[in-house]
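In what follows, subunit A forms one complex with subunit B and a second complex with subunit C.
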Partner chain A sequence: MSLQEESETPEIESGETELEALLDDLIVDRDDHMNAPAFVIRPDTVQETLGRLKEEAGYDHLSLVTAEEYPDRFESIYHLKKFDDPTDEVSIVVPTDSENPVSESAEPVFRTADWHEREAYDLVGIEYDDHPDLRRILLPETWQGHPMGLDYDQDRPQMVPLRENANPLQEDQRAESDSDTMFVNIGPHHPATHGVLHLETTLDGEQVVDVEPDIGYLHRNEEQMAQNGTYRHQIMPYPDRWDYISAGLLNEWAYARAAEDLADIEVPEYAQIIRTMGAELCRIAAHMLAVGTFALDIYGDFTAIFMYAIRDREEVQNILEDLTGQRLMFNYFRLGGVVWDLPEPREEFFESIREFVDGLPDRLEEYHDLITGNEILQMRTVGTGILPEEVAKNYGATGPVARGSGIDYDIRRDDPYGYYDELDWEVPVEDGCDNFSRLLVRLREVEESAKIIEQCVDLLEDWPEDERNIQANVPRTLRPEDDKEIYRTVEGAKGELGVYIRSDGTEKPGRFKIRSPCFSNLQTLPEMSNGEYIPDMIAALGSLDIVLGEVDR
Partner chain B sequence: MSSERELFRTDDSLVQTETRDARMTGQGDRFNSKLREAFGSSPFILTKFDKFMNWVRGSSMFMLQFGIACCSIEMMHTYAVKHDLDRFHAGVPRASPRQADVMIVPGTIVSKFAPRMKRVYDQMPEPKFVVGMGSCTISGGPFQEGYNVVKGAEEVIPVDIHVPGCPPRPEALVYGVAKLQERIANGESSPVTVKPYELEQFGDLERDEIVDELASEIDEEDLVMRYNWADSP
Partner chain C sequence: MILQTESPLPDLLADLLGLSGSGVAGEFVAALLAAFIVGNVMLAMTGVAGPWAKRKITAKFTDRIAADRIGPAGIGTIPADALRLLSKELIVPEGADRPAWDIAPLIVAGSAMLGFAVIPMGSGIQLADPEVGLAYVFAVASIASLGMVMAGYASNNKYSMLGALRAVAQNLAYEIPLVVTGVSVVLFTGSLRMSEIVAAQQETLISVGGLAIPSWFAIVNPFAFVLFLAANVAEVGRNPFDIPEAPTEIVAGFQTEYSSVYFVLLYLGEFLHIFLGGAITAVLFLGGAAGPGPESIGFLWFVVKIWAFFLLTQWLRSAAPRLRIDQLIEIGWKGMLELSFLNLVLTAVIVGMVA
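== the complex of A and B ==
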């Protein structure tokens, strides 16, 4: 990893002067982050700055908005990237004073900023001028105070009304205006929402006029929990619970990558291969469930495809259990490596992986036969839930959702970590932009993951016994220097999963922010389903493959 | 010619199975079950109606299809192949609470969701039972210290069985369900008591700082759930 950085550095520097020239009149200060140059600007020039960066410098991906409160100010940080080259990053820091924390909204430039800024308002308390709809997003509307702010009193009582959303039975929604629209709540307890998601849907007959996802029913204050934990051991169990559909190792890697770069820890090659192998197994398990539940959403197939998917997941889970000791919440990564070596007898373990991987082509054939070759499914998914490339980029969509819209973007390849750049595999991209393409991408990714796993097993089998170094020598307590900031991303099961950490000189992070791919992906739902039929909206939601643990964090 | 004949050939030795044998001769163990032995020659049993109903209830449970968080993934695995909760007379998930008698609470309950969960629970017909799955439903689990997490399902609804683990393995959930069946068959269920967090009409609440602050936002008749975080365990 460090090699990577060295080769990148000069490139960034030459770009930096250009950026400085571009933003010359707007920059008030520099506050560089470890991953990118960071420019401080005034709160009333946000749109101008981001607009220039997007139009003229090609930073077309607003990856994350981090908000935090300091004793003397509030700060919003816009982490920008390029879809063509995610290693080319820049951060825009917008300080506002603590008495009157108002900053200009970035929503007119990047649609994705809508939800990100609502979250910043909800949890930290920064207000955004010019924002189309600045309401709480994760916490109930009646919540008092901003919990990630500095002076929040956690013991203060709170009140949550039940009838927080319009109730279609109570008052006739049709009478509201002269139109024929009707209002329907879908969720938060509903099988098609994949968890506790609430969709406020306005219907005209059977067509969706407008749908608004209402999230926060699983907001488990993951960021607060991470800020309360020590870097070395106490944070690692939490990432498993962000995207809990067996994607644990992928999530752990997001934290590991950020923290290792922050504390300058080198991971031994052998551990990187184990990580890569484990992560790809997780990806297969996660995609299997996505495919199974998608079939369930489309035509209620609970008996065949769903069960097949679960059967394959069980096999992956068995392998992962052998490797990590747990079926779902692995807690297997450590900063600087992994917690233990492959299970003994190694031959048997490799044999079980090989057996699974070798059987996979046949099974995928079966899936294609049952799903992608199925006429009903094709009728339901081809040409529905259209998400054009530009719209997807504007919303910061990543992962299979972006790749189904023809965006060739995969962190594993474009900003390599682990052992991915040594291996031979491809990034599947489909340009149908519809529900079917997203499904195809997932199925093809399973194939690619299998390829990666196979190569890892080959490497691990031949690894000399005395070089099996699973962990770097990491101090028992990590105290990264004060005020270092880093934002690192990995390719999670659902897309670009990132972690921003600001150290404050103690053994716990000063600010820990999670970039959840599902959070950004879910925002595209209205784009895909407005004007379509309700069942197509359900299909679109299924094809997004969201997991509420990650959306709400 | 010869191959065709082979196609239509029937060979008794291949089709005749032990079961069929037994059925024909009536001597296989399979048809002389323990149950029949216990009954003796008369196929009647005498029991109390209550007892019978309890037995029936425990042996045919309709579960509520209810997914919240990570534990619901393991719950899905419990319903699906391999673990197949169906084998234990408890495998038919119902999407509507009005048709369900058992609610497995699989995951973390946060402030925004608790009133909804209470409502779903209220909608289930009596008698109803609750299995709390995972540490989150016991105490808030790993998120116990958070600002938004309810410290266990028991703060909101009565729970009959707690299955510990994070997440519990499917086997553990199966065991929990089996234990619940045992309790039901014995006619036990957890008492319905007033919980710390109930849905109350806003107008009925004692007036204090927070009530005053929200008075303009919430109607008098609206149901609200009030969280007293300071007194939480």
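== the complex of A and C ==
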């Protein structure tokens, strides 16, 4: 929280004085981040501050809540953005004293703060006043201590018998007025949960009265792992494991972008094009799986679409294997570029990509025949799993989920990085707000990604041989200055994937925080499925396209 | 009514084995033998269909190869799978309501077997030919719902319970259109006796260039045929109507808690029901065992017809999405029921005018 020097002004200056004027009576200090101005406020004015920023200044996107314990205080940081312009950012820093770490909850202003604050409570130990449901979220409810707190004892035994855990069936789940409901555990092992997700569902016959996702089965504190690795090499392998559905390069880019901006590393243009191409290949692979598994949810097992999607995804995987040497955990990006150049012979590699991209329209036609053109599928998906635009924004939904609800928001275009702003492509948006729209958005994004890849291949083919610079000169050991803070996002396969890093002058990050799009997107599930039928809830879950590796981190 | 039963296959066997002289005992032995043959033929067919044909068919639809390790085209996987399934541990869920839980698989599999008793399969294979054949076959086929409810209720599992409730709701919604559409055929034949229904379809409808088109009811009344097929797919619980099982929604529905031999029985029962559905369709609409060639190979044509229905269910499974339960009920009660009655009235008018 140490006050930054005046010379280190943030990138965005416009409107800063207005913000100061708006929050005049609330600001107690400044603590600017590299990506945004940051205002320090008192813990009891969180709602007031965020409310004013949302209503009067238009910061309608609470992207992330970062929490950290310092020797003398706890700190929550609310990273705010605008859906209209994600480069217009502001951070609100809320220090609380270390004896009694209680801070006002932002939940009444931004619904998305619900889960983010629960995570902060779970891992760091900050308590949020006025929070509707302050329980642990990632760790078991019986866990002792807060793992990212400073006084956490790693060696303390955590063996807690099952009987200590709350049993939702123990008390009578039925409300007095409504004796017809039934509690069902859907998951953690269930055909439609796409991993180990547990949905605590209350049913009234076939209808969902209430559903509450219980997450954390795959939690292994990736943030702490990153904090124990050096910037240069030891962190990069981990992002592959967040969204492990072949979206590896997209995740790596999230870390690369934040760390490169933090250490002021310029990536050569040639490497940027390779990155862009690789990332879009990953996006196609990820969306293929999303469409395939969504079909499983709607059609049942043994559907042709799933196998077709896997078949096409396999081709992308082959290309990615040629490029990176790996099929799943690529570890291909390096700070300042990529690890190696395109495979030789280059012509053959380009040929394989072109072959895939050229064949894609026909395949997509087949998907549209099989899926989107099917009347029964339309009966099932059109008008179900409704997520209105305002609700989606309130929950911080991003990616295809947001774009299916009519929110024209894509980091690639709105906060450009890599080579995207040089290329010609579009952001598909559907305003149906239902399961069908989200499916359509994904299929159309595959088309757009193919366009991007084609242009990248054209550029790479003509690139002069002596200018193929794949990596910038990066020091062997990176030691960013002490107490620099940065939050950077990229457009992952599932939405806005961000990384917040606070440097502490060493070669390892002082705080590493991941903004997982699935985590925020999954929060919208009750909103979409309460009052609907079980099959619609399953469809809504499938249309969210969550990956538990990223939700639980 | 039952007294008016004819029993072609047992009579044939009795004659062949010289049992006809031994009175009631001889008839009994002949009937048992005949039932044994028919039962085994159907079980063998499901045995081929379940572990092998189903996989190969689905694989063809989804660009895969499927079983190919043992024997030519992987056909040897059938005994291997049978051994595997039978040697698995039978897990009985805590709090299961026995013996209902144990009886349910038998009912599901048995009810379908009972249905085959009156099906004229050609080549003289028909166990019994009662006056009320059609009513009987619909009646026993729907006993399966009872088995499903027992399985779902007795399993002490919420998914099973949901599956059982869905099964009942679905069968109620589709049994009526199914039977009413079946009755429209009876208007043509004037008899519920299966052999007479088949016989009524043997006449030539029209001759096109020397090619005689038989008066199969699928050709005479295609509308009823389509209606019957749709209701039949719902009746046997296959996509787009596999709602009582709906693996991605309620795990496996009424059969969630069944393993080992009981699972095999349920699985067998399902396939038997598909074949029974195919058999009823063949008898009512596709001329029974009729086909080119001598009458003695009629059984082959019959098998071809019921496998065609099986193929249809597998095709739907690969390509058709599942409906939601409320949509299914709506289609059943608000669409199919009206259409089936409309069909019945139209058929009655046409039959009345022609006759």
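Here, the second predicted complex is superposed on the first by the 521 of 553 C-alpha atoms of A that agree within 3 Å, B and C clash if a C-alpha of one lies under 4 Å from a C-alpha of the other, contacts with A are read in each partner's own complex, and residues count from 1 in each chain.
Everything that follows uses one rule, which is that a contact is a pair of C-beta atoms (placed from the backbone, for glycine too) under 8 Å apart; a residue touches a chain by one contact, two chains touch by 3 or more.
The structure presented is a predicted model; accordingly, all values stated were derived computationally and were not measured.
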| item | value |
| --- | --- |
| Residues of subunit A touched, compared between subunit B and subunit C (which is higher) | B |
| Partner chain(s) touched by A:R311 [first = subunit B, second = subunit C, both, neither] | both |
| Which of subunit B and subunit C A:N374 touches, first, second, both or neither | second |
| Partner chain(s) touched by A:L342 [first = subunit B, second = subunit C, both, neither] | neither |
| Overlap of the subunit B and subunit C footprints on subunit A, listed as residue numbers | 190-191, 306-307, 311 |
| For the subunit A and subunit B complex, residues of the former touching the latter | 139-144, 147, 152, 154-163, 188-191, 194-196, 216-222, 224-225, 228, 237-238, 240-241, 244-246, 289, 306-307, 310-311, 313-314, 317, 327-329, 548-549 |
| Residue ranges of subunit A touching subunit C (in the complex, touch as defined) | 182, 184, 190-192, 206, 295-304, 306-308, 311, 370, 374, 376-377, 379-380, 533-536, 538 |
| Subunit B residues touching subunit A - in the complex, by the definition given at the top | 65-70, 72-74, 76-77, 80-82, 95, 97, 107-108, 110-120, 142-143, 145-149, 166-167, 169, 199, 202, 210-211, 213-214, 217-218, 222-230 |
| Subunit C - residues contacting subunit A, complex | 58, 61-64, 158-159, 162, 166, 239-240, 242, 246-251, 317-327 |
